[in-house]
Amino acid sequence: MRPFDFYAARDSSDAVALLAKHGPSVKVIAGGTDLLADLKFAPASHHPKVVVDISRADDLRGIRETDAGLRIGSLVTHTEIMESPIIRDLFPALVDAAHTIGAVQTRNLGTLGGNLVTAVPSVDSGPTLVALDAVVTIAGPDGRRQLPLAEFFVGPRKTALKPAELLVEITIPKENVGKPTHFLKFGLRKGQALALVNVAASFWVDWDSETFLNPRIALGAVAPKVIRAESAEKFLAGEEITTDAMAEAGRLASGDAKPISDMRASAQYRRDLIAVLTKRALEGAYELAQKKRKQS
Amino acid sequence: MATDTKTKTTALVDAEQLLRVPSAAPLVPFPVDVQVPDAARQTPAVGQRATRPDCRLHGLGQTKYIDDMYLPGMLFAKIKRAGVASARIISVDTSEAEMTPGVMAVVTGKDIPCNSFGPSLKDQPVLADERVFYAGDGVAAVAAVTEQIAADAIEKIKVEYEELTPVLDPLESLKLETPGVHAPSANIYGHKIIKKGDIEKGFAASDHIFEASFRTQMVEHVPLEPHSSLAQWDANGRLTVHSTLGRITLGRADIARTLGIPMSRIRVVATVVGGNFGGKNEITTEPVIALLSKKTGRPVKCTFTRPEEFYASTTRHPLIMDYKTGVTKDGKILARKIRLVLDGGAYCSWSETTLGKACILSAGPYQIDNLVAEAFVVYTNKTMTGAMRGFGAPQVCFAYESHMDDMAKALNIDPLEFRLKNVLSEGSLSPTSQTLHSVVVRESLLQAAQRFGWKPKTAPEAEGAFA
Amino acid sequence: MKRRGRGIACMWYPIGFTVAANPSAAVVKINEDGTATLLTGTVETGQGSLTILAQIVAQELGIATEDVHVVSADTDATPMDTGAIASRTTYVTGNAARLAAEKARLMMFDVAAPMLNVKPDQLEARDHRIYVKGYPQRNLHVGDVANHARMVMGQPPIGSGYFNPATVALDPETGQGKPFATYVYATQIAEVDVDDETGDVDVLRIVASHDCGTAINPMLVEGQVEGGISMGVGFALQEEILFDAKGRQMNPNLTNYIMPTSLDMPEIEVDIVDNYDPTGPFGAKGVGEPTCVSTAAAILNAIHDAVGVRIHSLPATAEKVHAAIKAKQAAEQKQLSAS
Amino acid sequence: MVTVSMNVNGEKRTASVAPETTLLKLLRESFNLTGAKLGCDVGDCGACTVIVDGKLVNSCLMLAPQAEGREVLTIEGLATQDRLHPIQKVFEDKGSLQCGFCGPGVIMSAKALLDQNPNPSVQEIRDGLAGNLCRCTGYSKMIEAIQTIARERTA
């Protein structure tokens, strides 16, 4: 790697101060799984002068339920998500999504915040959180601000972060805590796979009418950023829960996506996958809803 | 890494003291209680599940691969890659790289005393000097005090190219009107034909004739250990090269030839190689680092990055395979015609061997009295192909065994049964009319079928055929 | 829906180079205590070939594997070898090592014969001792003989040997001839699940039955087969170097060049076919390359069995399988509506 | 240059390195611990796997200063002066390693897995090794070895 200066931040405000002081040629390192892999083969023009390490900023850790909902610190690793009793109980889809990222080594290093700020279209943590209407909290020199995760993603590898800003936490709003959600990823192999398509489906069940309530379908790797399949969602809202409805939502979601053809797959194949995976993700979420209902 | 100065100062004092104290940990843990496993103590030795002495060192992390060797004063070399698939080199300007602090020496293709090598055709340059034949060709090399300085310095080497249209499709390359990749040499640089029996008669006697075409892709060996070599000279003008080569005897001959020095002055040592699969049978950077070492009077090491391992080493030949087979209605193969086109990439390397093996093996382990198998290998401006585990056999096996199943299905014969009707047996004549001995295809089919629990599918129409 | 399929593929594969000379030479030194050192120019590239060679030398000398130390891969110290290529080490280098050991053993017999008051050809070596054939009570420890040879007779037992596979050049017009000294044979059977909606192929199980002549070390043979199959799985389903329109590689890294991880590998069951090749060292042939030859074919046949589609080009990616299933469904639909 | 100190295999070690030095490079070049290998340098192959503060990580993806003050366990820290670690012993007995280049990383992954889950299923073992690419073995004899150790430990 080419030379850079290194500063370790004590906490998030120290990190923001360091970013402001050393910008604009500055990068944040947390788990390092994306940053270092990038820097080793990136052209000199992309190389930062300064790297700020936030891996010791303990205020960015922790998973807890707050008045606002479930709060996940940006420094929480994928392994911590997989092992968290709260998340396992409330959002098994987040556990599944975390499990599909890299392998044990990279899941131990890689953080939720780090995964989201890469903003690659195939970001594995993205779809489930977007389907759950997650909100991100950003700290900057002028204080903190919040915005929906769906808006945090701006384009391929582009986020709404301004210079010297830091993603500090992700919140799943109270009304969606425990919302039945299912995540599916399709990659080119089973271990360490990159997504050809990611799908998360989430909805409440109106048990009186057996209909979809507040359905959300989020798709990854099939558009410049994580998107919601809005026509599929619109169709499902209030619709009776049947396999036909789920299949139809899959077809609609496929139309909502804007996939590209690249060396990993063609656009048409990605569209076909979305249809199948959306249907299956809806089935998975419904299964979970039924299971939860039986338990309660 | 404390950020406030006070802690930092304290840490520094502490650290400096510690820097002077060598590690107390044993450099070589010595597992004295470990007994030699029983199998290695038994006689007779053959047939024993003896454990490997090297496995213990691997497991302890004590095996020294080339990249684990750090010699005092050692320099690190990096190769500048062409990045264009076909071009004439107009000029190579290394002046900026040479002036970079930490850079100790630079070499280009013009510095190589005899700039060609290869196991059969000597068509590969050590570093490209006049022409680039594929994007992974090296055009210059740098030795520097750190890997990063060497990597930065090769970026500063300016190469001017006259880009030429690359030939990428092997079928295109096969056509006579296609410009020669290595003009004036022809693109078809290898041809094999096997003729046995009378193929026309065989087809005429057949009840059914099946045709099919198959293609395979280019793949990499992916040894976990990237290619690495380390060169140093002594005051008697003797060169020692530690290398990941799987064939040191011939590697030494290639190094001697390209450098123009007697073999007696070269010592090639291979430690345990971290995976070969055919990909480490040829010299890569050895002559280059030898020259860099000679220029600097220091040991020089060059280890491929993972991307280099893909684009600067050999790969498996992609094949285009056309099959035509004549069979009787009860499933006896009477005649087979095969045409193979091998995409050889930029250089011959082990294409001769691959061509021969692919052609001979393409009939499959079957008794076929009337056979024509013809194979061509052509140049393209792609990554060179070479030796890889199986030398063309996995490709042709995919073709002949897919073909067999399709025929079995069409004939309504169980695939196992169909094979058993046609396999080679003791004393069979091979496609080259060699009398075969210790032939056990039948035994292996039956053993595998038994282990698997293979039963003929009980489709009503298939039953009769199997019985 | 997942659909189960099975596929069979058998193969043959030669040992050594195609016609071209590919000799190996070896030197065996018997130490004063009856242990031995083998000098070989071959390189250990992970197969365990040095252990195999030690076992061959030990067998010839009647000692145990651990009694043979192997010095390899140094052009200053070790004799010529064509190298770790063409599945030739066990057969070619193994034959050379056996011949070298045989010479050293015969020197030992020359020394032992007067000590036992018999002729050298009445002796045999086994279990660390040199025995008079038919009179097992009359024997000497191999170390005592070796020590006597060096310290008393002044004849340290050192043998050298070489081997080059017997071939006959191919006729350039007809390709007829004897290109290889010997061949091995094998069958693999794969069981797969194919997701008929996505084309995803899950290889569940591979049964492999391989011939290698005598298995000098069954554990190492199994290791070769298992590893070869992993290469075959990648070749069948995932691996491919991709080029852009200008002939540059697009995926020269392990992120986008998809080789099998532990999660992608099936359960593997290995059987070794009972066989003996009189031209090999103690009946052995070789096993390195053949292990990866029939895997892809078996998997592709299993895919065909599962979903009825024939994939004609490798790798059979999920996308390719999916496209073939779709095409088949469309064709069936057309046929249905036509009838 | 920055000075970094950490506990490596139970011993306090210190070095002065450039800040962009990875933990892998620090171990190999400053501490002469070459058991962890550089196979890809971007976290795909797992040959550089070590354990930091009890967690399995790719040492090529961690900067040396990030390891400041931490507990680092490398392959060299498993055996004692007179005893192989049980995983090393069983890997040898079963012939689990061939070329061996992935071996140190695989054994560290096996250790981390068994520390957390003394009796893993085959699927859990495969998941635990998925970050370690191996081209020689097909992983079969590694999985067999880990199962054997688990059986011995839980027996």
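Chains: A, B, C and D, in written order; residue numbering restarts at 1 for each.
FYI, a contact is a pair of C-beta atoms (placed from the backbone, for glycine too) under 8 Å apart; a residue touches a chain by one contact, two chains touch by 3 or more.
As the structure is a prediction and not an experimental result, all values here were calculated from the model.
Visitor: Which one chain sits nearest the middle, judging by mean Cα positions?
Guide: So the chain nearest the centre of the shown protein is B.
Visitor: For subunit A versus subunit D, what separation do you get between their C-alpha means, in angstrom?
Guide: Here subunit A and subunit D have centroids separated by 29 Å.
Visitor: With chain centres defined as C-alpha means, what is the inter-centre distance between subunit B and subunit C in Å?
Guide: Roughly 17 Å, centre to centre.
Visitor: State, to the nearest whole Å, the distance from the C-alpha centre of subunit A to the C-alpha centre of subunit C.
Guide: 47
Visitor: Could you tell me which residues belong to subunit B and also touch two or more other chains?
Guide: Residues 1, 49, 51-52, 54, 222, 272-277, 306-307 of subunit B touch two or more partner chains.
Visitor: Note the residues in subunit C that touch 2 or more other chains, in rising order.
Guide: Subunit C, residues with two or more chain partners: 45-46, 48, 219-220, 228, 231, 251, 253-255, 259, 261-263.
Visitor: If I count partner chains per residue in subunit A, which residues reach a count of at least 2?
Guide: Counting only residues that touch two or more other chains, subunit A contributes 1-3, 6, 8, 41, 53, 103, 190-192.
Visitor: What is the shape of the graph in which nodes denote protein chains and edges denote touching chain pairs (line, ring, star, complete, other)?
Guide: Shape = complete; every chain linked to every other.
Visitor: Which of the residues in subunit B end up touching subunit D in this complex?
Guide: Touch list, subunit B to subunit D: 1, 11-12, 14-16, 18-19, 23-27, 29-34, 37, 49, 51-52, 54-65, 67-68, 70, 221-226, 272-277, 303, 305-306.
Visitor: Quick check on the complex: what are the subunit A residues that touch subunit B?
Guide: 1-3, 6-10, 14, 41, 44, 53
Visitor: Using the touch definition up top, name the residues of subunit C that touch subunit A in the complex.
Guide: 197-198, 200, 238, 242, 250-251, 255-256, 258, 260-264, 317-319, 322-323, 326
Visitor: Report the residues of subunit D in contact with subunit B in the complex, numbered from low to high.
Guide: Where subunit D meets subunit B, its residues are 2-5, 9-16, 28-29, 31-42, 44-45, 47, 65-66, 68, 74-84, 87-89, 91-93, 95-104, 107, 133-136.
Visitor: Under the definition above, what is the set of subunit B residues touching subunit C in their complex?
Guide: Against subunit C, subunit B makes touches at 36, 39-54, 83-86, 134-136, 166, 168, 192-196, 212-220, 222, 245-250, 252, 263, 266-278, 280-281, 306-311, 315-316, 352-353, 356-357, 359-361, 364-365, 373, 380-383, 387, 389-391, 393-394, 397-398, 400-402, 405-406, 415-416, 419, 423-424, 430-434, 436-441, 443-445, 447-449, 451-452, 454.
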